[in-house]
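Chain lettering (A, B, C, D and E) follows the sequence in which the chains are written, and residue indices restart at 1 in each chain.
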């Protein structure tokens, strides 16, 4: 299988599923299929975070990321063999911020290594192009200044919230995906709420659906969603 | 199972289901599964309100709340074993209002004990960020003053309507969830209608879907939706 | 079963269904179940209008109304036993207009007795809260004057169109439900078109989905949608 | 069956279906049911145009029109017995234009006889009621003048495009339905594109979904969508 | 089968499917059916590009284009016999740009020959008709100048991104379809992002859903989505 690797950054798939309970009962081995797919993906130098989703948007979520889009597509197909019904997904690439020249930060965004916190939230977003609030009509310097203020809020949560922004312009329905990890679920609400007053969000952001989950070791995530063998 | 507890507030799941009648006939015991899940959740110091939903958005609803998100996720999975098809849900956390320093009110919002009234209505909402009506661009003092007027309307219904606002910024698609309980269904319409003329709603609120139900003891709620064993 | 009765007005359920033809063939008796449910509801002093819906939004519609929400929920559950798949619904309460003090008109809106015309149309609607066209920011006197003009159009169709407005603020996704009955289907289009030029609609109204049907005696309505036994 | 006939104009149903292939294989005779329904409708002095739809919105489409809404509803129910799954529909009535007093044109719009061209496109539309572009706030004379310009574009396609506007205010979700027939599919795109620059569309129109199909004799249309017996 | 050929340009179908795995297991031969349909379409002088889609919007995609809409509809029906469930589609025609008189460019847009790059992205888009940003109210010369700037960005990616714009005004829900092919997936994001700052997009464009896939030889595309026999 020929790899398909972006010239910069990694591919990222946020995959959400409902457990197909009737099929899971009929065909045991579903958990093993998922665990094998995850282990094999990680053996190929990609990463997969598993989580149990709160609410009915999904039961189970996986965030898979790494250098090869063909490998990520293969992973998605391996999951299709488990008793999981796709409910939603998001396709993006890791990317550096155009507003900072800090190479260490760029490296962390392009080639992240995500830790296992208690809770995860994911949402996609776009910048507005309203006649009266058009992000894309602002000069670069103004955007840079606005984004620096926005980034300062994010960094004030350092150690409490890990934030990864991935880019999806041209790839999926919104322009960016935001993945937040934290041990304290209240702080996920707190950081997004605080940012909402910042001009970048208050004036220029549109938000897609929000997903919240409990980040867990893969076997435990599967047990929590009723897929243990 | 490691608990996942917010540093402040409780988790809240509003879960809506359609009864899967064919499965209910094939597999008796569905009502017992739900009742056992509710009893076990309450034994673990969480609360569950059950209701029969009016209209086709759902047959059965449960509002579950308490300190541990992992316990609430487990409850949701226990319901998944009953002949119930998920139709909609909402994920939020209880939170204090930032606009009042009254500690008793904060405690009631953070750690509520909800009574069994005749009727319940639930809807999510957000504050607008339109260029011409941007809540998040208002100074704190102006928001506080507006919210005090809004709160006064709510309190004028004291004894007739119990209102609980939960926060979902970063967690679900709208910014807050509103749960209203009343014995007189007409008063649910009345309070929301009166508030709609208040500037906080009239100018700054966007509303999601509304759900209306009959709040009942769990066994009676299940009988009303055709799930009695 | 404890009744749940609004302190003023009746409950109203607009229920739309697709006929589940495979189930209808497998399980005869579907028409009888619906007819029994209707007869029993009417014996309990509630009303049910049955209609065959045009187009694919639904096959069969029922508008049920009366004093007890618990009785209406039970009626909805009785229909769930027939081979009918829910497609859409609306929950509202009858209410007096706040803009008229005519007690006879108020009584007709609160406790209506609907006749069997040839055709029915139903749609929900809300008043706008746009920064530039905010109904809820208008003073009462201005709203009253606007509504009087609007009402005059409605009354100019007296004898040709029967109109019932029910209130759903806080109960369902739009603020009001509009039910129109007429013998001439062209006049349903005519009245709504004429009102659209009136400022109340032209400037302040948002409309939800429209449903059109042929109002019939219940057994005939069921025959027309393929549910006769 | 009592006819339900508008005092002016005919009923029109645009019905879209996906072929249920598993059922079609299980139950032969599906094509015959559709052909019988069409023949019987036409014997009752109504018209039915059949087409194979391009893309996944539907496989098969029928535009049925004629004086009796009850007859059209019966036709829709006869199709429900074939292995066709409803995917979308539109309900409208033929109507004269209020902006022309030409009786021959009025007659052609009220009681049309549609020819069999190669291609058909259908879409619903509404006129805007934005605070800054409110069609319904314009005086009649201005609307008439705008519509005359719009009509001139339509007539410049005479012989190449046949256009039928039907009215659905109060009956379905948009205000009008537009049916275009042409032998050259490129000209369907051309006429709608040219009209989009006309002020009536450019400034005042909102468009619903567009459906494109190949108009065919009924037996051939069914063969093309895999329903031949 | 009578061909239906536009007087200028070709038909284009973008077809997206989920693999129906249960049916694929029950009925082997699915891959062969697709490969036969593709081979037969190409033998008839049409083109079909196959790709494995990333994320849950679809598993498998085909872009089929060529002179005869009847042949393309037949191709779509042949795929309907494979274990593929339609998930989304787009109908358009190739067209020349009205803003350039370069005949060679026109020919390439009208009668394209698409190469097999690693990655494909597709999205539909429309030009805005907002009162404050109305593309269709701009004079031709201004639109031409704006489009020339937009085109220059596109051409600066020559050799890295192949872009095909097809027209769908009057045929499908958006006004144009955009197909981008590249070996480097990062450059798909880059070109769309750069164009978003260009006034044509920043001020006048609305975008529909985005699909991203891995372009492959048909047998390999089918293997990647689990349809190999």
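We adopt the following convention: contacts are C-beta pairs under 8 Å (C-beta built on N, C-alpha and C of every residue); 3 or more make two chains touch, one makes a residue touch a chain.
Computed from a predicted structure; not experimentally measured.
**Student:** Going by the touch criterion stated earlier, list every chain that contacts subunit A and also contacts subunit E.
**Tutor:** The shared contacts of subunit A and subunit E amount to nothing, since no chain touches both.
**Student:** How would the subunit A/subunit B interface be labelled, same or different, where same requires over half of its residue numbers to be shared?
**Tutor:** different
**Student:** Let me have the rounded angstrom distance from the C-alpha centre of subunit A over to the C-alpha centre of subunit D, please.
**Tutor:** Going by mean C-alpha positions, subunit A sits 44 Å from subunit D.
**Student:** What whole-Å value do you get for the distance between subunit C and subunit D if each is reduced to the mean of its CA atoms?
**Tutor:** 27
**Student:** Indicate the residues of subunit E shared as contacts by at least two other chains.
**Tutor:** In subunit E, the residues touching two or more other chains are 132.
**Student:** Thinking of each chain as a vertex joined to the chains it touches, would you call that graph a line, ring, star, complete, or other?
**Tutor:** ring
**Student:** From subunit C, heading first to subunit D, what order do the chains fall in as you go round?
**Tutor:** If we begin at subunit C and move next to subunit D, the sequence is C, D, E, A, B.
**Student:** Which residues, counting only subunit D, touch subunit E once they are in their complex?
**Tutor:** Its residues touching subunit E are 18-19, 21, 52, 54-57, 59, 118-119, 121, 123, 130, 132-133, 180, 184-189, 191-193, 196-197, 199, 201-203, 205, 207, 209-210, 212, 214, 224-226.
**Student:** Using the touch rule from the top, collect the residues of subunit E that touch subunit D in their complex.
**Tutor:** Residues 2, 4, 6-9, 11, 13, 15-16, 69-70, 72-74, 76-77, 80-81, 86-91, 93, 95, 129, 131-132, 134, 136-137, 167-173, 175 of subunit E touch subunit D in their complex.
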